[in-house]
Amino acid sequence: MLTLTDLVGLLPLVIVAATAILVMLGITWQRHHSGTAALTVGGLALALMSLPLAWAVSASPPLMMLDGIALMGTVLTLASALAIAAMSPHYLTGYTGPQEEFYLLLLCAVTGALGLVASNHMAMLFISLELLSMPLYGMVAYRFRTERSLEAGIKYLVLSAAATAFLLFGMALLYARTGQLEFGALSAALTPALTGGPDPWMLGGAVLIVVGLGFKLSIMPFHLWTPDVYQGGIAPATLVLATISKLAVFLVLLRLMMVVPAFESEWLRNLISLLAFISMVGGNLLALFQLNLKRLLGYSSIAHLGYLLIAVVVEGPLSVETSGVYLFTYVVATLGAFGVIMHVSSPHHGEDAADLHHYRGLFWRSPWLAAVMTLSLLSLAGIPLTAGFIGKFYIIALGVADSRWWLVGGVVAGSAVGLFYYLRVMVTLYLPEPGSQPRESIEGRHKRVGELTLMVIAVLILLLGIYPVPMIDWMAALARAA
Amino acid sequence: MNGVPMEHGLVLAATLFSLGLAGLMLRRSMLFVLMSLEIMLNAAGLAFIVGSTAWNQPDGQAMFLLVITLAAAEASVGLALMIQLYQRFHSIKLDNVSRMRG
Amino acid sequence: MILLWLILIPFFGGLLCWQAERWGQQAPRWIALGTMLLVLAASLVLWIGGDFSPPGVSESPWLLEWRVPWIPRFGIEIHLAMDGLSLILVALAGLLGALAVLCSWNEIVERVGFFHLNLLFIMSGVVGVFLALDLFLFFLFWEAMLVPMYFLIALWGHSGSPGQTRIRAATRFFIYTQASGLLMLVAILALVFVNYSNTGVMTFSYNALLNANVPDGLAFWLMLGFFIAFAVKLPVVPFHGWLPDAHAQAPTAGSVDLAGILLKTAAYGILRFAIPLFPEQSQAFAPVAMTLGLVGIFYGAILACGQQDIKRLIAYTSISHMGFVLIALYAGSELAMQGAIVIMVAHAFSSAGLFILSGQLYERIKTRDMRLMGGLWGRIPTLPGLTLFFVAASLGMPATANFIGEFMVLFGTFDNAPEVVIIASAGLVLAAIYSLLMMQRVHFGGEYSQGRLAGPDAREYAMMLLLIGLTLAVGLYPQPLLDTTASMVQPVVALFTDSAGLAAQAEEVE
Amino acid sequence: MELAFYLSGLVAVLATVGVITGTSPVHSVVYLIVSLIAVALVFFALGAPFAGVLEIIIYAGAIMVLFVFVVMMLNLRADAERTPPLWRQPIYWLGPSLLALALLAALVALITAGDIEMAIDGELITARAIGLTLFGPWLMVVELSAILLLAALVTASHVGRRSDPGHSSTPRNAPNRGDTP
Amino acid sequence: MMTVATVLSCLLPLASTLALAFSGERLGPRASTLIGVGSVGLAALATAWALLAYSGASQSVTLWTWVSVGDFQPTIGLTVDRLSLVMMGIITGVGFLIHLFAAWYMAGEAGITRFYAWMNLFVFSMLILVLADNLLLLFLGWEGVGLCSYGLIGYYYQDEANNWAAFKAFIVTRIGDVFLALGMFLIFVEIGSLDIGQVLDQAPRVWAEGSATANIAALLILGGALGKSAQVPLHTWLPDAMAGPTPVSALIHAATMVTAGVYLIARLNGLFLLAPDVLLLVGVIGAVSLLLAGFAALAQTDIKRVLAYSTMSQIGYMFVALGVGAFDAAIFHLTTHAFFKALLFLSAGSVIISCHHEQEMGKLGGLWRQLPVAYAGFLVGGAALVALPLVSAGFFSKDEILWQTMAADRAGLLIAGLLGAVLTGLYTVRLILGIFHGEPGSHHARHPEPGKNLFTHHLPLIVLAVLSTFLGAWLYPGLGELFPAAPGEAADTGHTLLQVLATGAVIAGLALAGWLFLMRRQWLHSVVEKGAGARCWTLLNRAWGFDALFKWGLVRPWQWLVHGLRCDFINRGMNLLALIARVGNAGLVRTQNGRVRTYACVMVLGVTVILISLVLTRGGGT
């Protein structure tokens, strides 16, 4: 049963869920865009602030585990959500339909993500994952009158549901095999003959779960939806997809690999290594000549998750630390890149400004936006003095420390290929000739808040690249707590 | 041993699951695709029930309940999207929404 | 602390240049020039005041050292140190940086502030590379200098070519170096982890890793990781693909920096890291490296002869010259290694001279295609004569620094590897062929078109005179240079040859 | 018991085949209902009556009614799905079918190769037990599923909107390509 | 004193070079000429001063240590001994006369400044070459003269052919230089020093006589000498080098630079004595060159080319002398040759300018009346060239060579030398007859404008003419004590016989020439016109086809190589990776076809493959 302590431990989740209810009530009472946005931001900030309190009580609610990974996931989720919520109003100003639902959906998704990163039970995992995905269908298809948004929504729904089915079936197999749903108990304890690791049946279940999660992480070969959904979805939704969804699902996969006995198998690790390898190489290859920035970032996310999977493959505390650092840097860079896209697309009612030619000469029109974009791309490419380099450093260090040379080779090859398109985008920002007509911008508070957020992100990217010690120390502490 | 072996139940679930999958891959009408998804979810639910009854445990059935919840939610959202699809293209073929590629 | 400022001065100077554009076109130029001269002056002051005699047993081998912890989690420090070699190269960077600013005075008229920002950032990175002693920090600078260079090529590349090409050249440059750099990072990390498992201390410190006891098989791969990164930048032949494109498309300042300094970072890296960290493996690898050097000498020379674009020609000659450097670094004799340093300096002067001249030529006739030149001797005053000087330097005419460098290398290598020297000497003839071919095609022969062109103005003339003076000075009296670097080179050679001795002993024992 | 299981299982499979091969939406929906009811029977046979009841009420009842409703609302024709030329060419269906078969084979191989010897004796699991689970330790899950339903509701209501409330649907400065005319 | 004078005579040309080079074109032709000629004149005076101050012992001055790394410590240091003094005298003395003549010859040409800058740099480099106390510094001068030669051959840069001639000269000599460099490397590694004195000191201690290393070292140095001195097989550049202005040909390609090889071998005599086989090879190459060039000179129509081949031939004599160990004789001939060949070239230059740059023999003729000074110059110079007994300088030096050859028992070399004497007579007479007698072959030749300037035109010719007579031979101080004893030093038997023989050869040559070119002129023409005679003529005219050999053996393959590699195939190979990426991208993008079904299929395919591999690898159960 849930105790009060547990509730305190779950304070962030509770606050976010409560905010969601509040927002819903607000919508039914009176629609007010700025108010809703402010409420959302406030709720998320409050949740973030409640974290120390929640962390202090060391609660262990049923079906959940509030450990370092959970804290890591909570912080990252809330921070990303905060950034998204802060940048969205400017974007949504240009949307002619109802705008407030977006915040409601966002809060629901965040609730799901918070549950996901803390889950220690298949039921919790499943329902949180769906709670994360379900609002995303709506967010991706938010501008459903736009053909692409609708298309993205449908694709995501259909494929995601199929992946969920795989996930469920996998869980069912594990359940049938062990009679347990708790992570730690998912072992073949009843059959002593099987002490040498999971048997094929269990592995089959584990594989199906990995497939289900791999889909959300857009790991090859379950990646095909990614570019389409990234391109079609409205930019804030894509951003949620790229940050919150990815990081929460990744962390839960990490926990599965760490604590679930059914996943403790070299075979599974090899499988994930293979998937990681083809993801990092394939994702980068796919992005090579892409001219749509959102698609391109979609492909690049495939590659990044491929890199990140190394942390799943390798055992030990360093892998958690690596995951934390890499996720942090990746999320920040992604927020920056998509943030600029959102900012540039914002006053527009139709498609997002995602074609590369929209960004031609951006530097000479709005240097700061271009600078943020440049930093984000450099960070994604893992160039030193940006946060991304620290992440890549960690990944390579992890691979080297564990002598996974093939994966390290994949990172190197993938990075080399990846540079090609990052640089192409980057240089476009600086080319002198303007491409298409720059879009007119709506001035206002929303815009300034968005710009401020972008600045914070940019500073963060640089700061983490130059002096990453606080982040590293923090992640290391969390990894010890995991 | 009396009773149905658990494997049989699971095989039935797997069969239904595969059929759903086949439907997903074969059909181009969104309605059928949604139904195939329901079949797959249902098959997973069946597998949970099989496990639950085999181990004589309520957890699996509770999971089934969650699955049904999801199925309902997914069906509603899916159907809503399908309606939009129909309004736009006057057809519910999924091939209509294959503009984004490459 | 002054070491940190050597890095930070260009950095802040760059930012200042960027903002200074508001005050007019000239402001960034003067600021950039001042910044570079400041770096140059600082290094010269250090040079004059420095004591470069070989250090005693207990003395620090560094002239200056500065270290603060940075990322304690991995034992990463901001560890800067300077010895003779770094000093020379930093001074060279300052000098060529100033020249790069000067030579783009009239060439770059658009986005001047941002241009100089990039130019100075490159310098900042390069100085960082020369000063960093922490391997992580070294890698950081190694990669960081790519970005501004990329912008320099991609944005201010030659407008004569279609826009896409210069971007492709820049991208290619970036990818080559970055990919190989990552290999180096892998090697660095592997080294660190091996050291960690041996000693339980996680550190990226150069001094600590020098004593890392790496298993033989692994050490070879790690050495290769370092070598490839440096080989790409040097460039060594199979990895040279980026160089001609980058040179040909870059603005003059970019070419000057690229040929003058960036290539030197590779040789510096081999000298500072690849060989001392893995002396035995380097020793074992020496025949391969020398062979690659030979291939580079010939391949570069042959291709240089086949070029129509004057800057591509010069680029390929760089490959050829760097072949000598590679041979020298692996020759295992002090004379050769000192020769390599002299070649590095000499090549910086001569290739910078040639690139600046071809830039000046481009400003006048708006082409780099040698088929459209010819007979320029009669049309431009003074410039052809200056070209002839640098051509002579490039072909290794005695009294120029290039001659001293090449001959020191050959003299030094002959003892250990006479066959290499015999083959490499043929490169001297090839150097004459490509150098004079350029002269023939550009300045001699019938006039391709009519009309007299302006001679060099005071700025251009002064740059050339400076370079000529330096080339001759080093060519005739290189001793100050050699004395400065001797205390750095001798231990490296000792390591290299000791390991050879050890290996020989081991074989005997077996 | 066993017989009921196998019989209803067979019915479920056949009905499902009917669903995925059917050409008429309405027929397929009905087939699906049949399949679901058959699965519910399986549940009964396995000793999970609560689940069986839910299956019928929620699945076959509520969800499928939703489907029927939409089918009716959109007035989907039987021939809307039928594209005979494609069906006659095996390459369009052979691949996916084989794939599904292969997957099935793999799953079956995994399941049957397991040496676990468990039989379902049909012992009842009461709704009470389930309820205790759900509202005991699983309380959080239930709460979250409530929010899930809320999200689904909001999504469906947002996406299912027929027309734009108040605003013009095509902004002036937008490229027309993407938007509803 | 002497060292000061020596350094001064080096610095003066250098200073004027720098002044001229950096003046841009601000100096007018007059000032340039004044600086150019004046500085060499002063250098000549300084040399004279040094000669006067010479005390009989060699003196060294070390300016500074060039490089000091371990054992490698070459200096910038000059050593003056009798040999270098002789060479200095030739370089500055003859050089000054030629400069003076050039003031007349080059008047009115464009780029006078450049001309004198190069010329003076040449003088400087040549002085360094002969004064250097170590091989590396010698190499500096060695390369420096090569560069100046390049610059001056291509002086008329508008004509592509001149540039290619310069190019060829530089590259071919550079090939020789590489051998010299390798020789230096070997010497340094074996002996541990580059100082010439030390090398000669140490060499006998390190190497046994006739040891392989000594042979190789000598061979490598010989390679360098062959290139510079235009001996077979690296001789092909010299005739083409005549593209430069005639004073250049006189100074560089006749009097000084081309004899640098002779100087080098004489300087390193100790080394060559350790390698007798190589020394013999020197003689053989000399003999071959002298014959080959003698024959080739017979069939040239360009007067400067005739002189060029005759230079090769005369240097061949010097090599023969070196080959038999008669170093003194070689330097003697070097000296006299410098006088008379400079005279011949300057006279030819006088003819050429007078006839408006006409240098084809066929288009000249009958000029002896109009151009008496040049005629006189040719007569005196020709006499010295054919070694007219007793009156000419050439007789004494050549006689010395032949005598030493005989004394050394090298019959083959002796016969070659005698045959060469006949050939010399033949082509010299042909040359003089062709220019000054017979009918004028062109308008230019009918109306020449003879040089009238006493100081710049007549004076150099007259002085050189005087030096080409026996007076010049007397001027030679004799360097016997500097070198190991020559074979003919002790013995004296047969010298008279030899002199008779030599005289006979000369007279035979002259007589044959007179008979052929005066009596049987028509017949000669008809023989050469067609058939085997024509083929012979072509062969000789092309100097035995060495050029074609080089062209097809080296130049063309090189060009094919360059052309074949132009695309940078290794780079293309690396581009293969890019191609793979491109293909990979294309393949992967094809899967991204936008269809939900495809996406689902791929996903299911992935799952299926994974599960099947699970079943297969883990046996589907344990």
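Order of writing sets the chain letters: A, B, C, D and E. Residues in each chain are counted from 1.
Going forward, a contact is a pair of C-beta atoms (placed from the backbone, for glycine too) under 8 Å apart; a residue touches a chain by one contact, two chains touch by 3 or more.
By chain, UniProt protein names: A = NADH-quinone oxidoreductase subunit N; C = NADH-quinone oxidoreductase subunit M; D = NADH-quinone oxidoreductase subunit J; E = NADH-quinone oxidoreductase subunit L.
Just so you know, these numbers come straight off a predicted model, no measurement behind them.
Of all chains in the assembly, those touching chain D and also chain E are A, B. Shared contact partners of chain B and chain D comprise A, E. Chains B-D form the pair with the most C-beta pairs in contact.
At the far end from chain A, in terms of centres built from Cα atoms, lies E. The chain with its CA mean position farthest from that of chain B is E. Comparing each chain's Cα centroid with the centroid of every protein Cα atom identifies chain C as the most central. Chain B and chain E have Cα centroids lying 94 Å from one another.
Averaging Cα coordinates per chain places chain A and chain B 26 Å apart. With centres taken as mean Cα positions, chain C sits 64 Å from chain B. Centre to centre, using the average C-alpha position, chain A and chain E are separated by 77 Å.
Multi-chain contact residues of chain D, defined as those touching 2 or more other chains: 96, 99-100, 103, 106-107, 110-111, 113-116, 138, 141, 145, 148, 151-152, 155-156, 159, 180.
Residues of chain C in contact with at least two other chains: none. Contact with two or more other chains is made by residues 123, 127, 130, 134, 137-138, 141, 144, 147-148, 153-155, 158, 162, 173, 193, 199-201, 204, 227-228, 420 of chain A. Per the contact rule defined earlier, chains pair up in contact as A-B, A-C, A-D, A-E, B-D, B-E, C-E, D-E.
For chain D in complex with chain E, the residues that touch the partner chain are 95-96, 99-100, 102-103, 105-107, 109-110, 113-115. Touching chain A in their complex are the following residues of chain C: 70-74, 110-111, 136, 139-141, 143-144, 146-147, 150-151, 154-155, 163, 167, 170-171, 174-175, 178-179, 182-183, 185-186, 189-190, 193.
The part of chain B that touches chain E in the complex is made up of residues 21, 24-28, 33, 94-95, 97-102. Within the complex, the chain E residues that touch chain A are 581-582, 584-585, 588-589, 591-592, 594, 596, 598-600, 602-603, 605-607, 610-611, 614-615, 617-622. Chain contact summary for the complex, chain B toward chain A: residues 6, 10, 13-14, 17, 20-21, 24, 30, 33-34, 37, 40-41, 43-45, 47-48, 50-52, 54-55, 57, 59-60, 62-63, 66-67, 70, 73-74, 77-78, 81-82, 84-85, 88, 94, 97-102.
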